[in-house]
Amino acid sequence: MAQKTASKKAPITSPLADQDREITGKVLQGTLLDMIDLHLVAKQAHWNVVGRLFHDVHLHLDELVTTARGFADDVAERAAAIGISPDGRASTVADGSGVPKFDSNWRSDREVVQAITNTLAELNRRLRERIDETDKTDLVTQDLLIGIARELEKSHWMWQAQLAE
Amino acid sequence: MAQKTASKKAPITSPLADQDREITGKVLQGTLLDMIDLHLVAKQAHWNVVGRLFHDVHLHLDELVTTARGFADDVAERAAAIGISPDGRASTVADGSGVPKFDSNWRSDREVVQAITNTLAELNRRLRERIDETDKTDLVTQDLLIGIARELEKSHWMWQAQLAE
Amino acid sequence: MAQKTASKKAPITSPLADQDREITGKVLQGTLLDMIDLHLVAKQAHWNVVGRLFHDVHLHLDELVTTARGFADDVAERAAAIGISPDGRASTVADGSGVPKFDSNWRSDREVVQAITNTLAELNRRLRERIDETDKTDLVTQDLLIGIARELEKSHWMWQAQLAE
Amino acid sequence: MAQKTASKKAPITSPLADQDREITGKVLQGTLLDMIDLHLVAKQAHWNVVGRLFHDVHLHLDELVTTARGFADDVAERAAAIGISPDGRASTVADGSGVPKFDSNWRSDREVVQAITNTLAELNRRLRERIDETDKTDLVTQDLLIGIARELEKSHWMWQAQLAE
Amino acid sequence: MAQKTASKKAPITSPLADQDREITGKVLQGTLLDMIDLHLVAKQAHWNVVGRLFHDVHLHLDELVTTARGFADDVAERAAAIGISPDGRASTVADGSGVPKFDSNWRSDREVVQAITNTLAELNRRLRERIDETDKTDLVTQDLLIGIARELEKSHWMWQAQLAE
Amino acid sequence: MAQKTASKKAPITSPLADQDREITGKVLQGTLLDMIDLHLVAKQAHWNVVGRLFHDVHLHLDELVTTARGFADDVAERAAAIGISPDGRASTVADGSGVPKFDSNWRSDREVVQAITNTLAELNRRLRERIDETDKTDLVTQDLLIGIARELEKSHWMWQAQLAE
Amino acid sequence: MAQKTASKKAPITSPLADQDREITGKVLQGTLLDMIDLHLVAKQAHWNVVGRLFHDVHLHLDELVTTARGFADDVAERAAAIGISPDGRASTVADGSGVPKFDSNWRSDREVVQAITNTLAELNRRLRERIDETDKTDLVTQDLLIGIARELEKSHWMWQAQLAE
Amino acid sequence: MAQKTASKKAPITSPLADQDREITGKVLQGTLLDMIDLHLVAKQAHWNVVGRLFHDVHLHLDELVTTARGFADDVAERAAAIGISPDGRASTVADGSGVPKFDSNWRSDREVVQAITNTLAELNRRLRERIDETDKTDLVTQDLLIGIARELEKSHWMWQAQLAE
Amino acid sequence: MAQKTASKKAPITSPLADQDREITGKVLQGTLLDMIDLHLVAKQAHWNVVGRLFHDVHLHLDELVTTARGFADDVAERAAAIGISPDGRASTVADGSGVPKFDSNWRSDREVVQAITNTLAELNRRLRERIDETDKTDLVTQDLLIGIARELEKSHWMWQAQLAE
Amino acid sequence: MAQKTASKKAPITSPLADQDREITGKVLQGTLLDMIDLHLVAKQAHWNVVGRLFHDVHLHLDELVTTARGFADDVAERAAAIGISPDGRASTVADGSGVPKFDSNWRSDREVVQAITNTLAELNRRLRERIDETDKTDLVTQDLLIGIARELEKSHWMWQAQLAE
Amino acid sequence: MAQKTASKKAPITSPLADQDREITGKVLQGTLLDMIDLHLVAKQAHWNVVGRLFHDVHLHLDELVTTARGFADDVAERAAAIGISPDGRASTVADGSGVPKFDSNWRSDREVVQAITNTLAELNRRLRERIDETDKTDLVTQDLLIGIARELEKSHWMWQAQLAE
Amino acid sequence: MAQKTASKKAPITSPLADQDREITGKVLQGTLLDMIDLHLVAKQAHWNVVGRLFHDVHLHLDELVTTARGFADDVAERAAAIGISPDGRASTVADGSGVPKFDSNWRSDREVVQAITNTLAELNRRLRERIDETDKTDLVTQDLLIGIARELEKSHWMWQAQLAE
């Protein structure tokens, strides 16, 4: 089996040189974990939010779920396209995602808005770093990350706006 | 804060008696973990499958992703409806799901078809047990589980059929 | 005329034995009145709600109107299918519905959310009883009622969640 | 509480002078009851019609239900827009609607066509009076009523046409 | 060849114990023949009906065709899901369906309405028996049959209603 | 009854002379049986196919089902339009269709592709003969058959292409 | 101006020889008048029909209007394509159409069905002649006429079927 | 027959007094002829226009056809609704429409734009008169005519704008 | 150039007498400025609102933007139709609109709701005056303004309802 | 390899006799090249047209692109269906198409309209010949070509109409 | 109030450092004014264009309106996302936009095409400068501006192409 | 003519300096030929593939056709936008495309998958070079090429994945 696995290592060739491929691959794998965890946490909040604004926040969260799922797909398929096998299994996500801890149980709408705002701020910080890292390794991946950052920075504004008094 | 959390324990009342609610809640929470993990694993396979049947299996897996995501939502919202806070966070899924381990890295179409078939067989076995458990506690939940079983047993046939020579 | 009316008594035959038909018919007629009144009250609230959450609650109520109207149709057509003439006229609804009194005039969003939550709790309680009653008389009707209960218990959660502080 | 209710009396200001508002409000409230009762009666007929033309009449009635529901919404929202709280609850409808009595039980297609034709004739007569009443009080409301009359006089033709031999 | 066929006997495993699988399989195979024949007969009537109500009955029959085709698919795929090969070939249908004989040649609308009403009554009687048979063998199949019965008993009402004078 | 049936013999007059009508009628009735049997057999294969290509073949067969059903309708309605009562009942199909025997039980994807290819070749051969027969009797029917032949010869290519090694 | 008009006589060249173009042009112009008059008459009937079957016939007529309008367009544009200016003005239609006289005033559903049936029979007779005339002059036009005949002979069946007792 | 026709004179009763009904009926009948002729002429131009702007004018004319057909329906159905049988047959249109003569044969785009502009100016002049006539007889009809005038005066601007140099 | 401009003064003729055209033209021009400014202010608020109700108010404002844009188009095209060139350029709007000043910078949801409510009240007051002014000059324009008033008075209710405590 | 290629020569059998297949195959291959080149040239014009009518011609050309692409597919698939491998590669098109030379560089709208008109005239001439050639070899192919001719002769009229002064 | 406004200064935090945020903010605010003015001017032209190409230009302008409105939204929301309050009020637009003056009154199609071409050339020039300015301050904003430039440079080609003789 | 052509040389001005325009223009013209040839070759394969995976590969190829056609349009229109006349005629494509030779005749699915994979690898290599070339000449074009590369590198993965054993 080992031999077979070995020979299977690179069924997909890469348009990138080896080093660029390695760096870009790490960036994509890290972003994948963030995006998967983001949609799991947004769903968790979607189900557990309570409070006067339940209905509005419940709907708003589903927009975020859809966004995050689409980006997870884009990022994983970009990894595959450069010859990197993406790993988006539950345990890998649980171990490696950059999403801050989200407490279990019912959560007030206020807490949810704060938690989502914080999460997006943190993920955007990580995205900005990755945009820098890919500047020399793969412009195609960088362009994808810029597109994600634009959307998630917009989402951050929309969630943070709800915290203003 | 502790006090507040305490008072928040039951913002949602239940149409069920306490014991029925407890048993039904466990059944739903278990099913939720299975459904979330199922769509994560199906996506993992969707990205990592290789082989002559890549295109067909890649598309077939996305049908399963859609199915599993819909059921995860149904099950979590049923839990909320009976006053149980559902927990679908990555670490909870990683710890508690009944989905068999799915190896990382590129996987041949043959391996993927086998793995998905096994996964569905196992999840259906668990669903059957849960249908029995809810027979006395909550007919509404049982009806939901029966609907899930019908769809996933059908999926099992469609994946297993690909194993015949 | 009386004779003609008499001869018209049973233009629709029943798949049920007489006693099962009678019990099931009462259950369906009672549910019909509840569902019609539910959509009338939800519309009344839709038009009379005021307060900071006007827009969100106004829209949320229309989802409930649509749901209740669909169930009224399902229930009335099930009655017809077992040979029972359904009665959904305004005076019959006014006299026999189980929906708690809803005060006239403008109502604050808070009052509306409380009133709808109470209404759904009461209607769900009645549905649970009817599910029991039909267990021995008509599984087809029972299955329909289980489907209604699943949806309205979910609605109850969504409205009650707005009462949490 | 009484004080609070009192202070809530006019959360919505009116574009009309007090007397115009009062007259127009009565016209709209009356029309609202007619429209709600019309859709309840049309549904009642939809479920209880029998006879050779069952299928065609059954479908035709649902067009009337849709029409009447839309007008009920328009009229109630117009009332709110001029600062009048609309009342469309079942008992108010039962007491105040201008729809002629519609007998319970199964009804032949012939009887249904006759009853709907009569109902529409009566409601149109009332609408014409209301169009006159609003000529001096509110042209906006009058325009809405003219639109309703155009549609319901058209419906009347379509139902009466079925009575010709 | 015989050996190969033998080895192919069970490419699809069953979630049911052997005896439950056998009983449920027979129930599903019987229902499959009824549903296929129902849509063939409804099409036959669709093409051969004549009389004043031709147009309305012609359209009404196509609704029944669509319904029956959907159920044939559901039932056959349920059979496959429990490891039973479904048989829906023309000669099997001709030999084993429970649909009463439908005469060839042009048929008056009255005759068609009567024949379809009788057919639905007979098929519903058979469905009720099958619902009982599956109560102990497979709740998932039972739930499917209950759903079919609800729809076809509703269809029966709609066709029988046309026979009332 | 016999008398009544007799007098009903020709409710639909024909745009064709008697002999042309008779020949064209036979051609259409034969094609109708072929088309109905084709969709029954395609559905049978849809449910019973197994093998690595299950998913792709399963979907491909449903395209054929849709095509065959549409042509069955066209052909039967053309028969009616020239005053011929079409007969598409199960036993007539079982006795008179030109579709080669399709074995029961699970079938490998290879066997299915071969069987469908053979079936289409045979039906196309019969269509070509019928196109010749109608050249002198009814150009309208001939035009319809040419359209069917174009589509089914295209289907034949698509299925036969799968047999190439 | 006259000179200019003269020079404008043939802005569109023809793919046909002069004589073929002349014969085919007459055939198309005649069919155009028939199709325009058919949709005017069908609309006239749509507005003036009364009787128990008003609703069904009213809808059925609008299907015919749509069909006839589509064919009028096809035929006129075919004329233009072969260099013949089509003439579909009201007076030309009034003078040259082959549609039998349709009396003014309200008409019973029975009368309408009879009149439409007769009209379609007459138009189909004319179409058959034109199909023959174009056999030697323009196969493209003939093919268009065959397509129209297939649809209108089908319509004829559907209307005549309503005359059977 | 005469007697029967006589008795059929008024199958549809009117919401208007006799004199109002007569005046309004004439107004509607006149508008009906204008609208039918407008769509026939617009189609005639659609088929016969030539010149550099052929494609644009050809499409623009079809918008006018759709508009005019919709108004013809509205006007005819309004006539029926007030108990007046509308007459939209080709010869009645040819005799009574107010549309200026439109010459046969190919027409330059310039000529077409001029002719349509003139036609719309004339029809709008007639509409304005009819709006005055119905001011005292039927506000519902007047409202319909105002809506038509708004749309056709807008069309007039759009066609006249093309004449500016 | 001046001469050319002069000759271009009236490319569009008017259905109105000169004085009516002048008065109606002013009314329409004034309404145009109000509607354009309304959609600019609603967009301004859409981008700058902050507070707990951000998401709901953000969406609600976009409904108002769509409404106002549609009315701006209707009003400008009505002006053109009566031969008046509409002016909707930024500086004309800035100088002549009746919309109250809307402060720059981030605005709390409460402030926004208050500002939009005031704006709608003021615009509706102006609309009512214009409806009076056009009563004698152009019923078609008046009818358009009545339609706008109905919609914006409804919007006013919906925004004011959010101010109630 | 040569041997393998040899054995692959006829994976698709033909419904036609050898000689008919050869003649029909040449006709189809020739038409395929014309259709592919037509859509390449139409796209070329779409990108390079300039002049006052740019926008209109630019859009009109895309309709032609869509039409030509659809026909290329139909023709190639018909070739495959009769066992002929179609060849639509760039160099084959460049060598064998019947489309007249289209100059490179920007082209005035007038030049484009003239060039497209000429191209369509030439392609239609070739189509007419092919319709004759297939009359004895394959009616199914002939019917397809007739359909193409009808559409492209219509296109020719629409483009030529723009050349009239 | 001042204090409150002060404290409200930064409800939205920025992902950018202060200086980058300031420069990027100015770029976005400038682009916002250009985009709003572009859609106001395009609408102005849409309403005031006259000439032979009225219809085509009128439609073409609405495509530009839609494009410009979408970009205004994108740009304003990007400003908000980086913590800058966007200002799109009428007077700010009138004072600060880079759109060249567009004269009032009716304009010939030729003048309009020239004016729009000039406007797009000027706005594109400004966009190119802003793309340079954001190269060091915010790649996300730069990417947005590049997307706008691509679309507006394409629009410029399409409008300029109409000026070629 | 030469003079005219000369004067026509630059109907479209460029946002780029001359040298940048020249380099960017070559890059775009080269990419245009690649994209056109890609969709011709993908169609060629779509029609000529045979083998067990025919149906799946046939469908997969059409996705590539759609992708390549869209990019050809984007690239040609970008060339026009910078003032370069694009050339996409068959002979130019045949002479200048970078797509590897694709053999004529029927091709096994295996051969097709290999050929498409090789083609995409080669085209992606060329795209990467062009992304570098445009870095200094036109960021807008570069951004477009990056988007194409992202999509075609993804396609390459999907086709290469099918080659893994």
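Order of writing sets the labels: A, B, C, D, E, F, G, H, I, J, K and L. Residues in every chain begin at 1.
Going forward, a residue touches a chain if its C-beta (ideal position, glycine included) is under 8 Å from a C-beta of that chain, and two chains touch if they have at least 3 such contacts.
These numbers come from a predicted model, not from an experiment.
A comparison of the I-K and H-I interfaces places the larger number of contacting C-beta pairs at I-K.
Note on J-L: across the candidates C-E, I-K or H-K, the interface recurring with over half of the contact pairs conserved by residue number is I-K.
Per-chain CA centroids place chain C at a distance of 63 Å from chain J. If each chain is reduced to the centroid of its CA atoms, chain C and chain G end up 53 Å from each other.
Centre-to-centre separation between chain E and chain I, using Cα means, comes to 61 Å. Multi-chain contact residues of chain G, defined as those touching 2 or more other chains: 8, 11-12, 50, 53, 56, 77, 80, 106, 108, 143, 161, 164. Pairs of chains meeting the touch criterion: A-B, A-C, A-I, A-K, A-L, B-C, B-E, B-F, B-L, C-D, C-E, C-I, D-E, D-G, D-H, D-I, E-F, E-G, F-G, F-J, F-L, G-H, G-J, H-I, H-J, H-K, I-K, J-K, J-L, K-L. Of all residues in chain G, only 53, 56-57, 60, 113, 158, 161-162, 164-165 touch chain E in the complex they form. Remark: chain E residues 121, 124-125, 128, 131, 143, 146-147, 149-150, 153-154, 156-157, 160-161, 163-164 touch chain C in the complex. Note for the complex: chain D touches chain I at residues 8, 11-13, 15, 77-78, 80-83, 139-140, 143-144. Chain A makes touch with chain C in their complex at residues 49-56, 58, 106, 108. Residues 5, 8-9, 11-12, 36-37, 40-41, 43-44, 47-48, 50, 72-73, 76-77, 79-80, 85-94, 97, 102, 104-106, 108 of chain G touch chain H in their complex.
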